[in-house]
Amino acid sequence: MNLKTTVLGQTYQFRDLKEVFAKANEEKSGDQLAGIAAADSRERVAAKQVLADLTLADIRNHPLVPAEEDEVSRVIEAGINEKIYQEVKNWSVAELREYILSHRAGDSELKRISRGLSSEMIAASAKLMSNLDLVTAAAKIRNISHCNIAIGQAGVLAARVQPNHPADNVQGIKAAIYEGLSYGSGDAVIGINPVIDTADSVKDILLMTKEVMNKWDIPTQNCVLAHVTTQMRAIRQGAPADLIFQSLAGSEEGNRAFGIDVALLDEADELIRKEGTATGPNYWYFETGQGSELSAEAHFGVDQLTMESRCYGLARKYKPFIVNTVVGFIGPEYLYDSRQVIRAGLEDHYMGKMHGLPMGCDVCYTNHMKVDQNDMDNLGVLLSAAGVNFVIGVAMADDVMLNYQSTSFHDIAAFREVLGLRPAPAFEKWLEKMGIMENGKLTAIAGDPTIFM
Amino acid sequence: MEQQLDMLVDKVVAELQKKLTEMARQTGHPKEQKHDEAAAHETAGEEQPVVAEEPVRMAQVPHPKWQEGLVELLDSTPARIGVWRTGVRPLTKTMLQLRRDHAAAVDAVYGEVSQPLLDEFSLFTVETQYDNTENYLKRPDMGRILNDEGVRLLQERCQKRPQVQIVVSDGLSASAVDANLRDVLPSLMDSLKSYGLTCGTSFFVKGGRVASMDHIGELLQPEVLVLLIGERPGLVTAHSMSAYMCYRPRKGMVESERTVISNIHRQGTSPIEAGAHIGTILSKMLEQKASGVKLVL
Amino acid sequence: MEEQWIKSVGIDVGTSTTKMIVSRLRLGRMSSTFSLPRFQIVERQLLYASPVHATPLLGADEVDAERIGAILRDEYKKAEISLSEIKSGAVIITGETASKKNAQHILHLLAERSGDFVVATAGADLEGVLAGKGAGAQKRSQSIQGNIVNVDIGGGTANAAFFYRGRAIATVTFHVGGRLIRLDEQGRIQYVSPHIGSWLAAKNLYVQIGQTVTFTQIEEVARQMGRSMLDYLSGKERKVSGLLVTGGHLQEVLPIEELSISGGVGELMRTPQVENIAEVSRYGDFGPLLGQMLRHEREQGKVAFRWTEPEQTVRATVIGAGMQSTEISGSTVHIKPELLPIKNIPILKLELTQEHMNEPLRLGQEVRNVYELGQRLFGESGGIPFALALSGIGYCSYAWLQLLSQELSEQYTTIFPRSRTMVVVCETDMAKALGQALSLRCKGVPEIICIDQVRVEYGDYIDLGEPISGTIIPVVVKTLAFDEQA
């Protein structure tokens, strides 16, 4: 394994794969905070150059996080199809990148090769891609999933309605749901982040969302994004949940900080299959985001892009209905400004798609980052062009509970209109029935939440 | 008997209310005159504390199916609903309002706590190693440690091993301190008095993070410590404060060992009520010798 | 503490029947771990419902307190519940029973025999609201755009409550009930309530004691009575139908979208057709016919509103009383547990505005007015003269809290020097801060009980139960004078 290269007359010798991986990343404040980032552009290119020539076998044979020490590594290892891996193991990362971007590789070719790739290999390919590479590659892959309805088809952009309320007031949540539905959002999920972490409160919200869905015959799915154990309690108490949610980290230690492990996810998986209310076969909703492992000091000195990719390796075990990176939520110490957030959003989306996941993105930022709503407009359009399965809809992008900004119901309508995208087919039919949409366009009554009262 | 009493109550109340309306009507005119006087005063240099006026939220949907219902929806949530649209984009006013609130949030991050306010509560200032705001944002670890000057100041000026140590910090919102300290801190002091607790030398930490509690704990060794710190600003309010509390803070404390009351601001958790309740929590920490998840409230 | 169950009973002594229920209410934390604690009733379960007993009477207008006591003793045994377990609930003496001469005596007796729980007496307004809740009208109103009226018709009165979007907005009570006219199986009239005399006269209907009526005659009375009540509610005609109203009239015509009828007569609307006097008089009164005539009104569908089935009929009031009367105060409060429970404290209301915050003198004057009113009404007992309810305070600064607590405490100790406990009920979340400020000023004379997040009105009475887990206070607000604006 060659870890040495010369760039513009300067020779770089990297210590190990971990260092190459970290330094090959585009600039991120999180890698800098961890003290593993490239010192300058030249070192960054050197690392990319070294990485380009490494083979996929090199990556597999030198695990960044040893399987003996980490169950996420074990899940990723166990997921690799050996036959497919054998076909590609002698490819360099450069060859992998070129294959993925080539016209030879379409949707089904990429899906097949994906089964022979580890999360680290996929991460490596992302490191060699420009933003437009990431868009181009991801746009080829359609990962369709089905809970109560199917989303992810070509030409479809779905949206989660995120109707959060600072005190979990059920009426207030309902009000924001009505608003979102009236703009044509809500086909991915009606998903609430609760403030109150009790089974009672989760159950109340699940009941209310189900009631709204039943009353208006809405083809979608509900979810309350409490900790998985709280959702499990609520479901055992009879709460109607279509989806079960959890945030994931890319290491066992990181997941422990979230209060979960693989055994718990397996248990929740069994429960939602038995006692969930949806059609299936996909019942999970996962969220991820670069930086969470470092934040929990559970990153093994590995860069945040690679750790993020490992989240997807874990996620694919559970065949989720939806997965999204909450790309700009974690704060400036991990992603400092709009450049970094936009880059991370495109990376995460690409890596998720390459894992075969129905990948969405919470295009978002907090108020202490050097980002504003214009940057979100940009990333939203880029991701929509890249075929993102879904984005997040919040009233005027302002989440009054989580205190950050995402994309708005207006934004989703605009992404669709500008790029000729549609809601999920079943949902669009319903929007037409309700008179909210006609031929893919919002009608005159769209935007009036009182049509649901 | 009781029924007679009721009738009496009703009668007196009705009279009282009539009188009140009359009073209100009578005082109407003089008040208007007073307005002008007040204006004159203000120009004479008597500055009123500026209260951020929240604009009244109005539904913009031009022809809603149910007008009363729309009002009900807006009343039920601070979320920006009922905003209407032009094509698929928001109306100009709505868009500008969002930008204005974002500006306030950004200002809160980059702002400074008012010195007269700190003087009012005799809080002296120490700094962490944060250096500057950009570095503060990128390097949370540096906001957890006081700089050498800060360490020296604490050792010089603070009572050691107090029962309760109060620390105030700007954190991610200087304006949270400006907006809430006058309510939270004295209410907390009253509460300590009610519980018979004693308090060491309070001070202000510039560029502080939550875990600066640990370093301060090592230096001053209080029984319990409460840190009143500005939260990451949102758009609904940029002035929200949190109170982090800890029993015997020291290096290496984990998140679950801290007890938190967050969202303290005018439209959220009542600042005076939070102050009073922090006293209750601290007294329970002292009683149970624990904080965070181990504390039974 | 995550959750806790408390037991609550409801007892309804009506003109013709007496019922009780036992329920349990689950208190759950409804706040995040990062905010001030807040508990609410998150679940209500009916554990036991007694059979419907005939209300035991001594003669025509006196309820037999001893026998009521015996019924309850028996029912408690059947429900396998001991009095000490009961933490909340309400006793309601409904309809005409309430004006029978020993109502007060019964209430006291029931209070003693029902355990050390919070006992509520009720006026017709509260009864109507509780019955509407028990019948499910309040809940249903949340899902429709218009008003829902539930009318609970018993033996002596019909209590109507209007609900709009989950809130009770008006009540009205009629002298309409099954036992207002009693007759034997030959059709001989045994009793005609004097309350309906003027209405009968205005309608040219003649029913007198001793008179023997035909099926057709009595059917006409029942039809007219049902129709009058409906006319009043819909506003079609109120001059004659208004003669049936007891207590306050409705100020205006409130459009009705849905109507449900609960109570004993509501139940009789579902029973098979009666066709002769013998069938009519099976309970010794014209109740079955009143139910039947209301059913006819419903079937004919002449009125503009939609009729719906109530969730409960005979037991609507008792279920409302047992399961829906208790609220929970905010969980940051200032109390002395040993001073609770306290019962039947009248409310005096101090409504404050922004102007009071800017003008200390006006605040002082306002406080004095209210205290002096309290002094005139309730005297200067050594106990608790009243509970002071504070409303209209939005955001309260510390500076203003000081001003307020100074005015409240100084004037209180001057005007009520012998009172040992001062009770304050705040609408917004500020009880702990205010209680603490008052207490620092009063230093135990008087003691301070300050709770919050409970809405009360002039004329209400309030009961505060024993604290559960230290700071959770069950509260029963007894609305005697219903406020249409509320």
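For the reader, a short list of remarks on this structure follows.
Going in written order, the chains are labelled A, B and C, and every chain counts its residues from 1.
Here, a residue touches a chain if its C-beta (ideal position, glycine included) is under 8 Å from a C-beta of that chain, and two chains touch if they have at least 3 such contacts.
According to UniProt, the chain labels map to these proteins: A = Ethanolamine ammonia-lyase large subunit; B = Ethanolamine ammonia-lyase small subunit; C = Ethanolamine utilization protein.
Because the structure is predicted, anything quoted here is derived from the model rather than measured.
Chain pair with the larger contact count among A-C and A-B is A-B, by C-beta pairs in contact. Most remote chain with respect to chain B, judged by CA-atom centres, is C. With centres defined as mean CA coordinates, chain C is found 39 Å away from chain B.
Rounded to whole angstrom, the centroid-to-centroid distance between chain A and chain C, based on C-alpha atoms, equals 53 Å.
For this pair, chain A with chain B, the centres built from the Cα atoms lie 34 Å apart.
The set of chain C residues that touch two or more partner chains comprises 33, 35, 145.
Contact of a single residue of chain B with at least two other chains is seen at positions 66, 69, 72, 263.
Shown for chain A are the residues in touch with two or more other chains, namely 453. Residue ranges on chain A touching chain C, taken from their complex, read 168, 195-198, 200-201, 204, 453.
Those residues of chain B whose C-beta lies close enough to touch chain A in the complex are 61, 63-67, 69-70, 72-74, 76-85, 87-90, 94, 98-99, 101-102, 105-106, 108-109, 137-141, 172, 231-236, 238, 240, 263, 268.
Of all residues in chain B, those touching chain C in their complex are 1-2, 5-6, 8-10, 12-13, 16, 66, 68-69, 72, 182-183, 186-187, 190-191, 193-194, 242, 260-263, 266-267, 269-277, 279-280, 296-297. Interface residues of chain C facing chain A in the complex, by the touch rule stated above, are 2-3, 28-33, 35, 42-43, 145. Taken in their complex, chain C has these residues touching chain B: 1, 33-37, 104, 121, 145, 165, 332, 346, 369, 373, 376-377, 395-399, 401, 428-433, 436-437, 439-440, 458-459, 480-481.
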